[in-house]
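Contents: one structure, followed by commentary.
Going in written order, the chains are labelled A, B, C, D and E, and every chain counts its residues from 1.
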């Protein structure tokens, strides 16, 4: 990819399209029936998780299985301080708490590479759930918590806001020299360090930024769940899904993970409601087939078709 | 013994070899000379089954091998010492060498062959328990060569063995190669050390941009003005 | 009765044996075939349900079932690799890409296998009681079924380790783990070896499942729990190190047992704490290089 | 959602754990009951609703919540907002019910819970007029009855093992209050986290404590291994009680006659009445013993019967009207006259609390007025270990 | 003041001493050769200088400032750049991006993207890779990857450049081109330390040579002194090679 393409004329068209999509999204609750907003909420939630995941893991190649941790921290923040403080502050605190935790985790795990990092972060999800359980059982004596309830529209706009912020951040990082540096870490970390990249700092910061968005999303979503306990809040499922969605969508482009998240969320929704008894079978089969026949994810397929199309066009003229 | 006829090899859509033909007889050293990126490694990989030619054929001991997988070709008695060493990083030096004798035919004799390889490279014996990953560049090169010899090949194809070796070891390596020929093993050698290579080789081919442009007795080629300019820097 | 230290340690070994067996299988699949098989636990579940079914319906001794489960699971694993993972391997540009894709594919497999199992056996809990009596070991009592489990786990894992360390094929497998391309140049038939490894991994899982079913209730959704343990043990022991997985399994078992004795509420916490602390101290696992 | 006069069925929506870790419970508790019940009702044409002047059959609309609370709440909203189902039946599991109750209540949907409910829900019920709870509670009935039984027999000490979740915390907590009232000391208490495998250290501790009573407040995941380990290690307290698990048929099929004297929670016995016998036959005749559940099944069935009669009485599908009837009126169910007080099924309606395995039957032993057999104390020791070959 | 100075630099790998109590000085603007048998510790010494490893014991000073134990990126920004014996390029990134990274993060971070692209393009031209600037690094031949590493190192704007066997795998004509490249780099005023087994290159480019053997410095001097040193001939050059150069 050439750095200059982003400012070319062609990309202007893209910007306009993106703008239109967001304007449309902004008005959804006004014209769509109740459930569309509800479904959009969960789509947005997965999109945020996936895009934040890709922001760090996609480029650096460090596969983080920690989304559930940061999402869960947000959820807990919301459960504990929700209703006591204004909601925007609650969301901010959810994000910040995740951000700080991610800084700590990032600093601790610098030496881990490859699969060790992945499994470590996964262990973290379980550690959080079990230690919180122990803590609540033996120290605070809490048994689960109720969360303040919010209207769909409020939740929807909060998520949309987080999403816009996230996209902007991801875009700015990608465009800046840090985007290139993150990529170089993914390819050859040692060489990156010897080329002047402050590898540690960059990794930890990006990890924390991505955690911020997951935490904020968690804080918002908690209000839709109404009741939580440690195992509900720290569910490893929310670590796996972003990975699956990102790979399914294709990670080469920013919109790959978005498409992946949208399609898989919708597919899942469709299956658990229409084919409840066969949901896993069908979902699993589609996943396997997609991996087999879409080597570069959906985006890869789209690009291939596009290339073929434009080749043909060239051939014709 | 080895006959390559008219092969074309591609990387995706890019053609790297164009109608290459060559021949190697029993117990001779044949050198392959060419600039960077000429396609030498590609040619070796095609011969040893790591790549498939799009057209043309490769025959080894009167058997067509261009469709075979690399492991099957090894069984037939060809050994390929790859460029860039390709060691089993987390296995010890000794285990790496033993892997060279993996084919059923030679596995039984691995101990005696191992002793011989240790004689050739005493330093490997001293380092036999060390993980290949932690060896210095040159030591790794020695393991790679030693391992290639472990399979008791009839034909040994070697990709840039002297790269990264200290001058003393380079001399050593060339005499090892000559020693192999004297034992009746045919050698197909790619080397950047063109002068020394052509001195020990019987015949040589010159590869340019994926095509064979010159071939002949190596002593004669040494005198060619073209070679002297392009490859000897004279 | 005084609960002695020995008592706790042996209890830990009993648990650790199973953990080790589960982990060895995964270690093989990941260490060699580079498939971080998220559906490992589903193979355990198949082994467990196979054993349960044959015992409940036909009355076949679970220990005999082990011998029958092995080959069946081997074939399943072997052909899964021959078909699914092999074509993934062929279409992946790099090892990293293959790792990501194969993990995802195994995630899909998990869904498929589990759904089929639920349709076949239902989602409710199954259990039976076999060799459930106490055996006196140096003054401490242990359930016979768990001793048998330990014995089998140790024998199976050891046999497997010896196979890998000392046979030609075993060495070929290890070489393939590190550099498949070069292993091919040495005469190793890569596709065959990878499929074998995947098959062996499935066998280990199946056997572990069979043994587990003798001691614990089973459900068709139990797989994930064991997959997680297996992954932890494999990483704890050092990737691709069979001995490491073995040690890791026992370590986890023993520490778990000690903690359970002191404060059962922290049993699971301790697993993850050990894991995380150890990984931070030695980022490549106990026997990682 | 009840205006079209052309209505020809009653749609009941549920978000259930068909996949995931909760499927274990979802598959065995409420599900066999509602399946049998719906079939029976529909076979007779359905529920008569006066407003439409005819019987309307029940159609179930079931979604899979994947055992995830987030998904469950979303699907519940989908059922209400988009599918506009006529009625909502409950999700599975205490935490899930807690999350679902406020949503149902907000939308004015009746939620008659099944698998789940802990004492905490009692305080909530006042603010959730649409929520009704059919199970019985630890502090309110079960454990007081249990403690009284034990106290009368002279039990002095108890050891408690509980699973670290709402259920376990609650039961162990209530035991801590109820047992001392009857002179029983708690000599040891251990929590186990969900997923912990090896229970032998706990059983050994319990054995060492020499307690008269051993309580295992956990699920089948804990109750089955705890029993197995107790047998293997020869731990023979005078009373052994297990949480959900000990009351199921599969408990008996797993351990066979060894379970003689083990106790659990129950709500009825087929011996109690002809109606009870009939229900047991409906649910279990011709099916494997494994699926029997003498605690939940009758209560779920009774709740459904109650609900149906409330609708018939209301003569409309209007939730508000039906709710008011449910909150105030009595109907006859398999349990006898049944009614709700403050959202809880009244204490008087329950026909059993504590059960005990005696000669292959799960007998009601407490409270005494409902007992079908005498409480055996001490329980016979586990059969001597005999290595069979 | 020497631009780089090491005192008692030592590194153990377990029981093996890879670099043993080595003192060295590099003067501003010179080209220093580092030779020695395989496994002598040359690459390890580079790793110590560039902070991939930390010497224990020993100190390394850059322009008089102690840089022992600093992070690699700091060293790089202090204007020491390096290449790797076993190449480490950013495999999936185009050649140009490989170099741009150096411009962005090297000595003068904060360069505008336009300047970075321009500088990187010039550098690729300088090392002779203009034709392949859009090719992913992994598809370049080994020799080109090595040149790419040089370009990337240069992009960080170094004062001191460490070249590890940049000429391995090149034929004599190509070695000639590479030598010319090194000379041109030197003419820019960049100090160079190079490890090489190709004696011709060392002889022609370097003013001074240090010889390592078993981790220890066994000789130091001008090329002429080195090639005639008995000890060096015995452990490293061999009779023939000596004659050949």
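As a working rule, contacts are C-beta pairs under 8 Å (C-beta built on N, C-alpha and C of every residue); 3 or more make two chains touch, one makes a residue touch a chain.
Please read these numbers as outputs of a predicted model, since none were measured by experiment.
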Handout entry: Reaching chain D from chain B through chains that touch each other, fewest steps
Key = 2
Handout entry: For chain E, the least number of touch steps when starting out from chain A
Key = 1
Exercise for the section: Averaging each chain's C-alpha atoms to get its centre, pick out the one most distant from chain B. Expected result: D
Completion exercise
More contacting C-beta pairs: C-D or B-C? The answer is C-D
Practice task
Please indicate which chain is farthest from chain C, where distance is taken between mean Cα coordinates of the chains.
Solution key: E
Completion exercise
In whole angstrom, the CA-centroid distance of chain A from chain B equals 49
Problem - chain A and chain D: spacing of chain centres that average the CA atoms, whole Å - result: 39
Fill in the blank from the handout: Whole-angstrom distance, CA centroid of chain A to CA centroid of chain C, is 31
Exercise for the section: Could you list which residues of chain D touch at least two other chains? Expected result: 18-19, 164, 191, 193-194
Handout entry: Per-residue multi-chain contacts in chain C, two or more chains
Key = 114-115, 118, 265-266, 268-269
Handout entry: For chain B, residues contacting two or more additional chains
Key = none
Practice task
Pull out all the chain pairs that touch, please.
Solution key: A-C, A-D, A-E, B-C, B-E, C-D
Handout entry: Sites on chain A touched by chain C in the complex
Key = 61, 63, 108-109, 111-113, 115-116, 119-120, 122-124, 126-127, 130-131, 134, 137-138, 236, 240, 243-244, 247-248, 277-281, 283-288, 291-292, 295
Exercise for the section: Spell out the residues on chain E that touch chain B in their complex, using ranges where they run on. Expected result: 13, 35-40, 43, 85-86, 139, 141-144, 165, 168-176, 197, 199, 235-238, 240-241
Exercise for the section: Would you tell me which residues of chain C are touching chain B in their complex? Expected result: 168, 171-172, 174-175, 178-179, 181-190, 240, 289
Problem - Residue ranges of chain E touching chain A (in the complex, touch as defined) - result: 50, 52, 71-73, 75-77, 81-82, 84, 88-93, 97-98, 100-102, 104-107, 109, 113, 116-117, 149, 152-153, 155-156
Handout entry: chain C-facing residues of chain B, complex
Key = 48-50, 69-72, 74-75, 79-80, 82, 86-91, 95, 98-100, 102-104, 107, 131, 133, 147, 151
